[in-house]
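You will see chain A twice below: alongside chain B first, and alongside chain C after that.
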Partner chain A sequence: MATTKLGFIVQRPGYKSENPKLALTHAIASQSVEIYLDDEDEVTCDVAFIGDGVLNCIKDQKAVENYQLNSTESHIKMALLCDLNIFVCKEDLDKYGLTENDIVLDANEMGGDLEVKVVPYEEITKMMEEMKHLLFF
Partner chain B sequence: MGKLTIGCFASLVGSTNLDFAVKLAGAALDKGHKVDLWVSGNGTMLSLQDQRAFKDYSYLEKPVKELMEKGLNVTACEACAEARGYHDSNTLEGVKRFSMDWYLGSTFDADRVLHIGGE
Partner chain C sequence: MKLAVFVSDYRMTVDTLERLKPEKMGIILVQNGVYHASVKEKGKTSSILDSSADLFALKEDLETRGIDPASIDSKVKVVTFGDVVDLIFNDYEKTAWL
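And then the complex of A and B:
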């Protein structure tokens, strides 16, 4: 059995480009990657929002109402439902005057148990060091 | 020899990121490495057939065809392509179309992954 760990680092704000949403949809695709792997091999994905990327995590996004599009917020919740680790950089939230009250933290209403982890950047660098490959979005 | 997986999300026209990805793939193939090239988002434009060469726009159909003959494995995100009206019927011969898990599967045994985000 072997595991390849991928770290998805999201640095860009939502909706200005497709990148943040593609980061999440690709990370969520780890749920079905086994069709390309031998038995018991796996690919795991952790996602970290840093820099302007933390803006993707603001809650109560109105993408459906305004653009008839699934929101990045809903994708974050879906990632939590898939038990992906989601990290948000505390210092970058502070930079924008945002707190945990302003961002999506869980997917409780959808039955999810896992929560977003708001952590110092130092912890995100530790996560990155544990990954085999890093993908920057 | 190793395996290189390149993911490129940049469009064919608008930047030279795809040009760089294809040139890098060619260089790696020439050194005997195996190369998977995944195009997603606007990068799926690479998968379109009948690109027309102008001097002011990137044109990659010919080099990609030549590299595929040398063993380059090109796969486009099917959903990203379909959303843009790129269908099986207008896909460059030899380019595969799969869902996003293909990319993750390719990274599993890759020695290096180079991910080039979109614009």
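And then the complex of A and C:
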């Protein structure tokens, strides 16, 4: 049995470009490749928001109301529903004066169990070391 | 010259904005530019807010990013798309997009 670990690192703010949202859609899509894999092989992936990327995690985004556009917030919740690990860099949140109260933490209203993990950058580095492939967005 | 400058990025890789010296300047923060009105890095507000220009931020783009328009820096006036059209036609002769 082989497990391929993918790490998606989001380092830019959202909306100006599709870049951060693509990280999330790619991460979510990675969970649907099993039909192409040999039995017992699997792909897992983690997503980390660092630097300006943490701004993607601010909650109450009204993208649908203003632009008929799915919000990055809803993508984060979808990723949690797919049981992806989502990390947010604590130092970068602190840098912007943001706290856990300001960001998306869970997808409870959609039935998700996993929660976003606010962690020191050191832990994100550790996660990156464990990955087979790293993709920066 | 009366110039309205649209700032649509949070990270600016050029210093054009600081070098512009029109008779009257308005800076309209749109897209990711709205972070200049709300985000404080290490407690410090964006240097754009130190400008003597009139500062505006687009309400729709603030809300899209989860930013409460009422919470932004008091130097910045919140405007709607309709207000931006009025600014372009009534207050400024030229526009630039940075």
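Here is the rule we go by: the second predicted complex is superposed on the first by the 137 of 137 C-alpha atoms of A that agree within 3 Å, B and C clash if a C-alpha of one lies under 4 Å from a C-alpha of the other, contacts with A are read in each partner's own complex, and residues count from 1 in each chain.
Following the convention adopted for this analysis, a residue touches a chain if its C-beta (ideal position, glycine included) is under 8 Å from a C-beta of that chain, and two chains touch if they have at least 3 such contacts.
On a predicted model such as this, the values are computed, not experimentally measured, just so you know.
For the composite obtained by superposing both complexes on chain A, the positions of chain B and chain C are free of clash and fit together. In the superposition on chain A, contact is made by A:L22 with chain B only, not with chain C. Of the two partner chains placed around the shared chain by superposition, chain C is the only one that A:A63 touches, whereas chain B remains out of contact. Looking at the shared chain after the overlay, A:V33 reaches chain B, while chain C stays out of its contact range. In the superposition on chain A, the chain among chain B and chain C reaching more residues of chain A is B.
In the overlay built on the shared chain, the residue A:G97 is in contact with chain C alone; chain B does not reach it. In the superposition on chain A, no contact is made by A:N85 with either chain B or chain C. Once the two complexes are laid over each other on the shared chain, residue contacts for A:S71 go to chain C alone; chain B is not touched. Angle at the C-alpha centre of chain A formed with the centres of chain B and chain C, after superposition on chain A: 90°, rounded to the nearest 10. Of all Cα pairs linking chain B with chain C in the superposition, the shortest spans 12 Å.
By the touch criterion given at the top, residues 8-11, 31-32, 35, 39-43, 60-61, 63-68 of chain C touch chain A in their complex.
Those residues of chain A lying in contact with chain B across their complex are 2, 4, 6, 12, 17-19, 22, 25-26, 29-33, 35-37, 41, 43, 45, 132-137.
Put simply, chain A touches chain C in their complex at residues 13-16, 52, 55, 58-63, 65-67, 69, 71, 73, 95-97. Residue ranges of chain B in contact with chain A, taken from their complex: 7, 9, 40-42, 80, 99-110, 112-113, 115, 117-119.
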